[in-house]
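What follows is subunit A paired twice: with subunit B in the first complex and subunit C in the second.
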Partner chain A sequence: MITNPVPNPAAVARQWFLAHSDLDDLIQALRKAGRIVIGPTVRDGAIVNDEIQSAADLPAGVRDEQTAGRYRLAERSDERVFGYTVGPTPWKRFTFPPILPIATAHVSGSFGFEQPKIVAPQLAFLGVRACEIAALGMQDRVFLGSPFTDEDFRARRKAALIVAVQCTTCSSTCFCSSMGTGPEVRGGYDILLTEIDEGFVVQAGSPAGAAIVAHLPTRRPTHAETGAAVDVVEAVRTQIGEPLPIAGIDQRLKRQLDNPRWSVVAERCVECGNCTMSCPTCFCTSVTERSDMEGRTSVTERQWDSCFDVNFARVAGGDFRARPRDRYRQWLTHKFSTWMDQFGSFGCVGCGRCITWCPVQIDVREELQAIAPVIQPIERPVAVEPVAASPGRYSLARLASVKEETEDTTTLSLTDLDPAFLGGRPGQFVMVALPAFPAVPISISRFRSNGNDLTIRAVGPTSTALVNLHPGAKVGVRGPLGTFWPIEDAYGRHAVVVAGGVGLSPLHGLVEALVANRDRFESVSLYYGSRTPEDQLFRDDLVAWSAGKSIDVAVTVDRAGPEWKGRVGVVTTLFDMMSCDCSRITAFVVGPERMMQASVQSLISKGVPPERINVSMERHMECGIGLCGHCQTGPYFVCKDGPVFRLSELGDLYVREGI
Partner chain B sequence: MDDYAAVIAMLNHTWFGAELAPETQERLARLGDIQDFEVDEVILHEGDETRAMGILVSGRLALRTLVPERGPVTILSVEPGDIFGWSAVLNDGQAQSTVVATEASRALVIDGVKLRAALKEDHALAASLYPRVLKAVARRLRATRLQLLDLFAR
Partner chain C sequence: MASTGKAVRPRVAVAKFASCDGCQLTLLDLEDKLLEIVTRFDIVEFPEATSRHSPGPYDVVFVEGSISAPEHLDQIKALRKQARVLVTIGACATAGGIQAMRNWADHDAYRAAIYEHPEWVESLAMATAVSDHVKVDAELRGCPIDGGQLLELLTSVLVGRRPQIREEVVCRECKRKGIVCIVVASGEACMGPVTSSGCNALCPTYGRGCYGCFGPRIGANAKSWSAGLMRSGRPPEEVWRLFAGFTGYAEPFRSVLTELGKAKG
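After this line comes the complex of A and B, so read on.
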C-alpha cells in the first residue's frame, strides 16, 4: 500500500516564500527532474487537469462559479492562479486510467495471454486540493488495501509527486468539512502551496518535495505572510458553513432501503453517470475485449464503468438493479454506507463534483438529508414518579362508579387515589391487581380532578373480574407507568388521532387534552373505526366532540345492518377526508396491530413524516418497570420505554414478525 | 354554476377526479346525467346487470349484500367522489352488491353502453379512467380483506 508522504516535522516547520513571478521555476524544476507536470488549465470552458509546459498554461485570473447543475468560468479581480475550486477532472484519471489494457491474447497455432508491462510515467500533480488528496488515499485503500492489489495503480501512484494547494475559495457545492477531508491540507503531499496576494507560502512534505524546493528562488516568509496563509484557509472553512450531520449516516441509510424518496430522486435522475465519472473515488470498471479483424490478436481492456449503467448488474437471467431507483440507491448507499463496511471510511470526500456536473441538479446533500435525516430526539416532559413501583406493592384505590361502554367493555372510575396518579399523562397505564388475580396493565382513559378512569375490555380472568366490580370496591394499582403521548409535538400542526376498537381508550385522554388546548393546534381530527356500531366506545363523548365543532370527528364501522346510516369501511378509508398538508400532521395511532400497520402505511403514503407518527404498542407486560423481560421488543422494554413510541424510533421493529 | 360545472368542481376535490385533465373531466360530465336519490332508494340490485356507473357527488350510499338468516349487511359505504356500478365498464357486468342511498344523494350517472363506446373510441379517456376504476376496485378489495380479518374481534 502506498503511504501518503508524512511530513518531516523539521521540514514542515520550515516554510518558504515563492513569488508569483517565480512559480514557473517550480514547474521547470519538476520537468528538469524528469516529470510530466499535470496541472490546471483552461479548456472548453472549464479548468481541467492536463499536461502543462509552463506557468503560462495555468488559469491566472480565472475563477469558477459552481452550483447544482451549473459550472461557469469568470474573471477574477486579481491574477491568482489557484483562485478556483475543483474542475471536472479527478486526479484518478492519471493513477487509474479510464481505459487500461490488462491483457493481450495472440492466436497463432496455439494461443496465449500476455500481461502488458506496467509503464508508469513520472508525473507531478500540481494543484491537488485537500479533498483530492483524501480521494487518492481512498483509492489507495481500494486498490492496495487488500491481498489482491492493482499493481498498475501502485506503480502510477508511486511515480506521482503531489504538489498540493490550499483552498483559498470554495463553491456552493463544496462540503469537504462535512466529510472531514478539508478544507486544509493536512498531509499526503510532497510540496504544499498556499497562495496569498504576493505569492506562495511553501512547505515540503517529503524529501522528494524538499529537494525540488531547494532549487527554487525562495526566501523566508514574513510573519504577515504565514499568518495570511493560515487565515485564508480558515476563511474558507467559515465560508463553507455548518457541516452536514454526517456522523452515523452509514447506519441510518441501512434503515432506509425502502424509503419512497429513492423513487422520487430516480424520477429526476437521467442516469448519465456524470456523478460517477467525475467522482475522484468511484472505482467501478468493466472489462471489454477488442479484437483485430482477423481475430489473431485480442486486447482485454479495463474501462471505467458506472453503477448507473442499465447493464451494470445484469446477468443472463435478468437484472438485479433493474429500476433507476435501485441504481441510485446502490450508488448513494455505497458512497455513504457500505463503503464504510468495506474500507473503513466513507466513499465521498465532499468535493461536490457530483452536484455541479449533475445535469438535473440532484444535490447529494439534500438527498442524504431527505432519505436518512438525523432524528432529533424530542425531549419528553418528565413523567411523574410512579407509586408503588415495585411489583407486588400496590396502592389502594376505591371504585367510584362503573359505566358499561359496550357489551364487553366497561369504564371504572377510581377515586381515593394517591395524588401521583392524578399527575399521570395520557398514554400511560397502571398495573391493576385484585387478590388472587394476576395484575394486568390497563391504559388510563381519563384524568379527572379526583381520580382516573380505566376502560377495560373483559378478555381474561382479571379483566372479567374487574368489570364485574361494584362501586365501593377496592383495587390495587401501581403507576402511572410508561411513556405518554408527546402532545407538544403537535403544537402548531395538524393533530390526527387514529383509533381502532378499544384503542380509543388510551387515546381518550389525549383527545380531551387536544380539545382543552385546541388553540395550540392548527387542526384536530379524530378518525375512529370499530367492528360494528354497537362496539363504539365513549359514544357520548364522540357526539359531544362532534357537536363542539372544534375538532373533526369521523367514525366508520367494519360492518353494519341497514339501520346504520353512517360510514362503513375500514378506518383508512377515512383518510380520504384529509385535505391538509400531510407533511404537517402529527399522528397518534392505536388499535389492533394490523390496523395500525395499515393506518401507518396509509399515513406515510400521504406524506406524514414517520418521526411524526406515534403509536402505542401492546405487549405482554407484567412488571411494568422493564425488569421481567416479557415485553422486550428489540432494544426496548415496552412497559418502560413505551408503550408510546415514535414510529421512527421503532424502525424495522414495527410490526416485524417474530419480534 | 350549472350542475355540470358543480360536478367538475366536485371531481377536483376527490381522489378519483383530482388529476384528470380538464377535457377528460368535461367529457365525463357530459357523458352522464345528474340524478338525485332519496333516502332508502335502491339504485342497483345485487346480481342485476349493471347498466350504469355512477360517481357520487353528494350524500352517502350503502353497498349491501344479503346474508341468509342475517338479512342485508352493509359492507361498505360510498362517499362523495367514489364510484358505484363499476362493473358497467364490462360488457356483461353484474352488480356485486345492492346499492342503497342512506342519505339524500346526488350522482353523475353514466350509461354503460355510452361509457363503453366512449372508452373504446377515446383512448385518452380510457387511459385516464381505467386506472381509476381499477384503483377503486383495489381499494375495495383491500378494505374487504381487512374486514375479513375481523381485526377488532378478540
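After this line comes the complex of A and C, so read on.
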C-alpha cells in the first residue's frame, strides 16, 4: 500500500487567506521578527518605497497613472493597498545603496586602508513585483555571479525578506510580459500576496516566510478566492499584451550600431540619467575621496553613477564616448544586447521606469522598434483567388499567338484561360508547366481582356521549350500568384519605373496601368537599361509611350554600335534627369540583382523613402505557393510574401549577399 | 596653536566685484571649520570680514562678482598678476550672474529707469564672467556657492590633489537622495536636467524646481530641454526667464536665450 507523504507546509504552494483588516498583523509580525519594513507609501505625489510603521502608511485607495515623462496619483474606487504598479524607487536602493563608504585611510606615521565593517540591516521588502524580483536576480548575477563579488550587496540581499505582491493592474509603460519577467510572480519570494476584493491570498516561498505567515490570523481560502487570485493576474497579462517584439533584439541591435536614429534620439535626450538611476538593474558607480583638511583621514565613497555622464568613459587623453549618441547607444545596447553576452539575460525587466521618469518622454520601446525593427511580412490583400493553387494541379490554357521580342526572348499570348487569370494584377506571376518539364515561374507581362501575355527568356529547358511553342499549343498554368505592384502608393506622386533588361517584363503591365490612369499621378517616368539596343523588349510600346508624351521614357544601353544615337551607360546614369522632389517619388524597380542594388542605393541617396521603393525579387521557385521552401529570404517566402516588396520590408536583407 | 603650521600658511585673499557678498558669507558660515581654516590659511584680504588690507602676491585668490564696471577691467588684471591660484566663486564671477540679464537689454534705458542721475553711474553695457577677462584656475559655482565644495577646494590646496568636485547633473544628486522627480510627478519647471550639480539638489528637495544657479553642466542639452519645457505648455517668455535667471549668459544657455529671443520676435 502506498501512503501519501505528509507535505511540508513550507515546501508546497499552500495558500492562506488574510483579511484586509489583518494586513497590519503581517507588518507587525515582520517588525517583531526584528525587521525594518520597507513598503509603499505616498510621499511628494508618488508611491515610494520607504520605511513604514503600520498598515496605515500604505497607499490604500490610491492608484498611479503613468505615461512617458508623466506620473500622477489618483483615487481608486476601492480601498486596495497594492492597486498601483511600480513607483520611482527601485529596490536596489536598499540592496545597493546610492552612496556607500567602501574604504577609509588613516595617516599617522605610516598609513593603511581599512574596509568598513559591513552592516546589513534586517529588512523586509513589502510589495515587490514580479519585474522587481527579476531585477534583484539580475543584480545577483552582476554582483555575485563572478569570482569577484560585492560582499556588501550579498549581506544586504541576504538580510532582506521579500514579501512579493501580484500585480492586479498595469500602466501604459509596463512591458514585463515582453521581457518575460511578469506579470506573474513565480518565485524569488518569501511571502506572496495576491490582493482580491476581500483581502489577500497568501503563499509562503521559504521557511522564513512560512514562519511569519504562521503568526497571522489566516484561514483556508475558498475556491472562489483562489480562483479570483489567479484570474486577476491573468487579466493583467491580457491588459499589458505584448508591447515590445523582443525576439532576437539582442542580435538585431548588434547590426544597427550605425543606425542614424541614434543621433535623432540623442538630440532629444538631455542625459539627465534618470533612466539609469530609476532602473532596478543599472549597477554603474564612481568613487569620490573625502578627507579632512590635512588629508590624515580620508573616506572613499562609492556613488551610483550613469553611463550618460559626460565623464563616465573619459580618460586623461580624451573621451571614448564623446558624443551623446555614443552614450545613448551604450545604454540601450547594454540593456538589450551586450548584457545578454555578459550575464545570460536581458538587462531590462520591463518595469517601464525609464519611460515614466524620462523628462523628455523618450520611450525605450519606440526607440528599439525604430532602431532594430522586427522584419515582419506585411499582409497584402489577395488580388484574386488563384487557380489550381496546389502542387501538381494545373489549369490548361491555349497559345493564341507568339511574338519574338529579341533573339532569346519571346512573348506568348495565352487565351482560353480560367477567368481568375484575367483578374490578376501587374507584378503577379504564374507557374507554367509542360508535360515532362518542371514548372517555372513567369511574370505576367500584359493583362488582355481575353488572356495574359507571358514574356519569356529562354534560359533553361522549360523556358526554351515554351518559347519554341506554336500558336494553338496548350500549356498548364497555376495562378495568378504572389504580390502585385502597389500602384495606389503612387497616387498623387511621381511614379518612377526602373527596369533592367528582361526586368521590363514584370513592369510592362504596370506601365500600361500607369498610362491608363495617368491623371492619378503627378508624373510618370520610365528608365530602362538593356545590354544592347537589340536586347530591348517591347520596342513598339516604348516608341508609343514615348510618342504619347504623357509619360517620360528614357532608355540607355550598356554598349551599342555607331548607329545608336541614344545614351550609353548603366540605368542609374539616367537618374540625373530626375528634376522632381525625390521624397515624393514612388519607385518600381526590376532587373538583374546588381542593377537593382545600384538603382535602390541611388534612389535612397536622392531622398526617395524606402517604403516608397518597390522591388520585385527573383528567386528559385518550384511550387510558387510557399510550400517547397526554395525561395526563402530571411522571414519571407518570396513566392507568396513577394515577389513585390517594399524596400522597408526587406531592411538589410536586401543588399546582403548569401541570404 | 600650531605655530609651525603658521610659518607655511598659504596667503589667501578674497576679492569682490559686482556681487551681493553672499558667497563670501558662505565662507563665514563654515562656523565649525573656521578655526581650522584660519589656522591653516593666512587670510589677508576679506572685505566681508575685515577692513585689513595686505598687498599681494597671494597663494589663492577667491574672486566674487562679475566684471560690470569700467574700473573692474584693470582691477581683475592686476589681481590676476598677484594670484598664484585664482578661483572664481559664485554665479556672478563664473557666469555673469543675474546682472548679466542686462546683456540682452538696452543698458542706457535700464540705467535711466532706475537712477535719478544715470550720468553719475559708470557701468559697462555687459556684465561678464571673470573668465572672459583673465585665466581662471578653478570655479566654484552656485548662488551662493556650496560650503562643502569650498571646504573641499581649500582641502585640495593643502593636500595637493585635484579637488574632488564632481561635475555632474543635478538630477543625479536628486535621484541618489531619493527625491521624487518634480518634473515628472508634479509638472514643475526645473532646470535640473541641464544644470551642474554641487548643491545636493537643494531646491528639488524642497519641492521647488532647480533655478540653474550652478549653471550649465558640461554637455548640457539646453536646446532639447527648452523644447521640452515648451512642450509641457510653457510659453517662450517663461522658458526665457528660467534660462536667464542666474547663469543665462553662460553657454549653452546663452544660445537658447538668443534663439528664444528670436522666437519672441
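Criterion: the second predicted complex is superposed on the first by the 363 of 659 C-alpha atoms of A that agree within 3 Å, B and C clash if a C-alpha of one lies under 4 Å from a C-alpha of the other, contacts with A are read in each partner's own complex, and residues count from 1 in each chain.
Going forward, a contact is a pair of C-beta atoms (placed from the backbone, for glycine too) under 8 Å apart; a residue touches a chain by one contact, two chains touch by 3 or more.
Everything numeric in this text was worked out from a predicted model, so none of it was measured.
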Inset, instruction - Count the residues of subunit A touched by subunit B and by subunit C, then name the partner with the higher count. - result: C
Inset, instruction - Check whether A:545 is in contact with subunit B, with subunit C, with both or with neither, and answer first, second, both or neither. - result: neither
Inset, instruction - Tell me which partner A:459 touches in the superposition: subunit B (first), subunit C (second), both or neither. - result: first
Legend entry - Which of subunit B and subunit C A:521 touches, first, second, both or neither: neither
Inset, instruction - State whether A:573 touches subunit B only (first), subunit C only (second), both chains, or neither. - result: first
Legend entry - First, second, both or neither for A:88, with subunit B first and subunit C second: second
Legend entry - subunit B versus subunit C as contact partner of A:357, first or second or both or neither: second
Inset, instruction - Check whether A:272 is in contact with subunit B, with subunit C, with both or with neither, and answer first, second, both or neither. - result: second
Legend entry - Overlapping contact positions on subunit A, where the subunit C interface meets the subunit B interface: none
Inset, instruction - Within their complex, state which residues of subunit B touch subunit A. - result: 13-15, 60, 62-64, 71-77, 79, 81, 100, 102-103, 139, 143, 146-147, 149-154
Inset, instruction - Enumerate the contact residues on subunit A facing subunit B in the complex. - result: 459, 500-502, 530-531, 535, 556, 558-562, 564-570, 572-573, 576, 579, 591-592, 594-595, 598
Inset, instruction - Would you tell me which residues of subunit A are touching subunit C in their complex? - result: 43-46, 48, 50, 69-72, 88-89, 93, 98-99, 267-274, 277-278, 286, 288-295, 303-306, 309-311, 324, 356-361
Inset, instruction - Can you check the complex and tell me which residues of subunit C touch subunit A? - result: 33, 36-37, 40, 151-152, 154-155, 158-159, 161, 164, 166-169, 171-172, 175-187, 190, 192-194, 207, 217-221, 223-225, 228, 231
